[in-house]
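The following pair of complexes shares a single chain, chain A, combined with chain B in the former and chain C in the latter.
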Partner chain A sequence: MVWTNAVVQGLLLGGLYALFSVGLSLMFGVMRFVNLAHGDFSVLAAYAAYVLVEHAGGTPLWTFAAVIPLAAAVGFVLQRFILDRALAAGDLSPLLVTFGLSIVIQSALQQGFGANNLSLFLGPLSYQSWKITNTLYLGRLEVIVFVVAVALISGLQLFLARTQPGRLLRATADNPRAAALSGVNPRRVRALATAIALATVAIGGLFLAMRTSFTPTSGSNDLIFAFEAVIIGGLGSLWGTLLGGLILGVAQTVGSQINPADGVLAGHLVFLAVLAYRPQGILSQRSLA
Partner chain B sequence: MSVLEAPARTAATVNRYSRISLGALWSGVAVAALLVVAPAFIGESSINQLTQFFSFLILAIGWNVLAGYGGMVSIGQQAYLGVASYAVLYLSLHGVLSWWAAPIAIAFCGVLSIPISYLAFRLRGSFFAIGTWVIAEVCLLVVAQIESLGGGAGASLNDLNRFSPHTAGDVTYWVGLAIVIASLVSVALLLRSRVGLALMSIRDDELAAEATGVNVTRIKRIAYVLSATICAGAGVLLILSNLEVQPNSSFSVQYSAFMIFMVLVGGMGTFEGPIIGAIVFYALQQWLAANGAWYLIILGAVAIAVTLWLPRGVWGTVDPHNRRSLVPLRHRVTVASHLESEE
Partner chain C sequence: MTMLRLEGVTANYGHLRALEEMSLSLDEGEILAVLGANGAGKSTLLSLISGELKPSNGKVFFNEVDITHLDPYRRVRQGIALVPEGRHLFASLTVEENLLVGGSTRRAGSWSLDAVYELFPFIKERRRSRGGQLSGGEQQAVAIGRALMSNPALLLLDEVSLGLAPVIVRDLYVGLRAVANEGTTLLVVEQDLTEALGVANQVLCLLDGRVVLTGSPQTLSQSQMMNAYFGDGERARTPGDR
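After this line comes the complex of A and B, so read on.
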């Protein structure tokens, strides 16, 4: 029964990881680079929510309304003024610039808030749970986070599949030149992708801050987990990313069940195994660019 | 000038050495000689500072081989740094004097990097960068569980305690100097070889290199292994000078930040770049380290600014066409008729 519990908790956690990955794979699809500050933006969002609650009070839940548009705006500005320039500067530049950005964000948060663990506390919602059997309890917050994460991913998949901006994003991901030749404005598409990426990762960051805790440097792990979920699931569809997140989450909780210190390591090992035996990912037919 | 006349007038000679590079070579030898005898003239604290500087310089040289010449951005080279530090600790616990353990640890990392490269090379570009980071994290998590090596709390290196701090400092300094010189010479020799030519062609245009028959993966693997070996040298030097290791600091991703900063600022893909970058980095560190996080904020901001506005770094800006190269890495074609061009 402890194993069922570990798997169920892992699935709940994995939904959240998938939410972190969505933006990563969207930006990669459109621009062919990974934003190495991706996780740090989720932590930045958590700190923003923390500051808002400190000053304005109330439950952290309302900060979603402020932080999501803020994150999208930051994404737009980031793309226009930094990343577009980096893309023009050379193949390696976006990686180097976003890594520099990651260092700046982490150090600035360290300077401003110290290295303490912080958390967004939701009152009773933080610890209430539903009893399924005598040994299986589902945390209310965990379930809500999972449902919202899966709903968001599905919504985004629908957005990409059915709407005009979604089509432009997919067209640019498939072939940026052909898309530009048919009248797509690549600058606008890139800004849209980054805005969506930062908005989704901000939601993920707030959820993670509510479920557990955050520190100035915890963005590094967020990035690594998001990346692992993308690789495990395979590029190309958000369903693959969701599957990758779930597998990673289960690997981590089952690993912790075996030895409490080994959760993260178990996730890494599953990632390396996928890399060794199925490098294109579990759902994807495409090889990694 | 008609085409027919040309052969008669171009009594070209091919030469590797220019006046500048010959001068630089002899100054390099002189500086190395001065550094070898330095412990006789300067104090213990300066020697220890130089040792610290050497470890950063070695890191910069190692990362430049990978990213500058191989075109592969890794943020996981700290894996080799940490493994090398811990290999020295392990050997010292098993009766090998730490200084003698240094070359063994370096060779071990070089060998270890070969199987790892097969895993890492499944990823390219951005994914390679994070994939190498995950591999470094795995090394960290595994090492932190080995209780005999101190587990998560780390351990100290005790076998050098039987020497006076002065002697230990000097010998470690010489070990560091030897690693620096060996790294620079091996990179220079690699670049002068056929493999080096292939490597530089990959740096300039990977697709074109492959099209002209370069075995890109093999050449990149050679660069990866050399880079890992050199970074291991820095790990060895760090444990020999700090006399302690701790998993979270030995495998810290911050080392990647330092490497990237040094190479970017100095000039990626140039021989001289990492040296300049390491000097700038070390000066900045001495100046700003007291300011805690501000130091890293400035480091990151400078890295962004240099990437965007000075992508060739200091050396690449001074010498954009590789005319003043201080190291004879290229073939120079000197044409008799006052025209000088290069291959």
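After this line comes the complex of A and C, so read on.
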């Protein structure tokens, strides 16, 4: 029964990891670089929510309404004024620029808020749970996070598959040259991808801040988990990313069940095993969605 | 009325001079076949018109507006569409999605999914197949259809017949003739002369980045074009010279 519990808790955690990963995967698909500041943006969103609650009060839940559009706008501006220029300067530049951004964000947050653990406390929702059997309890917040994460990823998948902007995103990821020759504005597509990426990672950051805690430097960990989920699932496929997140989550909780200190290590080992035996990922697909 | 005009255009790839002091004028409704051997500068010419390559010298005008520095996607919106060599379909998108992406410019005109399917009926039944699963001929038809979806005033075609069976090439050119009859201006680049000369009313031969012959296919003789294609031997050539 403890194993069932570990697997179920892992699945719930994995939904959150998947939410972290979709933006990373989307940006990589369209622009072929890994945004090394991806995790830091999730932490930045958590601090933004923290400040909003400090000043305006109320439950942290309302901050979603403010932080999501803000994150999308930041993504748009970031792409237009920084990443587009970096992309034009060569393959290595976007990596260096986002690495630098990561350091800037971490240092600025440390300067402004100190290195203490913070959390977004939701009151009773933070610890209440549903009893499934005598030995299996599901945290309400954990279940809500999972359901929202899966719904968001499904919605994004539908957006990519069925709408014209989604098609243009996939077309650009598939063949940027042919997309431009078909009249697709590459700058607009890139800005859209980054806006979606930052909005989704901000949601992930807020959820993580509600489930556990955050510090100015915890974004680096988020980035690694997001990256692992993407690689396990297979680059470019949103369903693969969801699956990768779930596998990573289960690996971590089952690992913790074996030895409480080894949860994260177990996740890394699964990641390495996938890299060694199925480097294209479990649901491999060359393209987005 | 002049639709496309190149004025003294020179283009380089690094230190390689691909086109030298090229001038060209194309009227609305004309069908120009650009002929030449490998490396003569045909694809370079198309890249200059589609905007993927910026000239190191000279100017490009479209409907008498200077578009020398306009990005490729903006040129599509102005009415210049290129069917690139090698087709370049969106491999993971379905045929229909490929066409819909082509229609994203929302330029006014008569082309639609139905019109493209009518032009090339054999791709209609494959409309749910992904671009990467099609045969070469089907891919070429979809690539042409995708370009038509932007309702181009000027359609550029790079090596339509490359690697395709003659019977399929014939089908494609039947379609292109119908496109031309609608009033669309065509610029066709080919190594294979037969089909291109059948549809063209103007011919331009490139050799080593220069125009060596222009005229109409009716008045030019086969030997004139052959000489222009291979060089007439008056100029000393070294291997690899462009």
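Going forward, the second predicted complex is superposed on the first by the 284 of 289 C-alpha atoms of A that agree within 3 Å, B and C clash if a C-alpha of one lies under 4 Å from a C-alpha of the other, contacts with A are read in each partner's own complex, and residues count from 1 in each chain.
To be clear about the criterion, a contact is a pair of C-beta atoms (placed from the backbone, for glycine too) under 8 Å apart; a residue touches a chain by one contact, two chains touch by 3 or more.
All of these numbers come straight from a predicted model, not from anything done at the bench.
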For chain A, which residues belong to both interfaces, chain B and chain C?
288
Chain A contact footprint on chain C (complex, rising order)
50, 52, 71-73, 76-77, 81-82, 84, 88-93, 97-98, 100-102, 104-105, 146-147, 150
Note which residues of chain A are touching chain C in the complex, please.
164, 167-168, 170-171, 174-175, 177-186, 285-288
Quick one: in the complex, what on chain A touches chain B?
28, 32-34, 36, 82, 85-86, 89-97, 99-104, 106-108, 110-111, 220, 223-224, 227-228, 231, 261-262, 264-265, 268-269, 271-272, 275-276, 279, 288-289
Once bound in the complex, which stretches of chain B touch chain A?
67, 71, 73, 75, 119, 122-127, 129-131, 133-135, 137-138, 141-142, 145, 253, 256-257, 260, 264, 268, 292-297, 299-301, 303-304, 307-308, 311
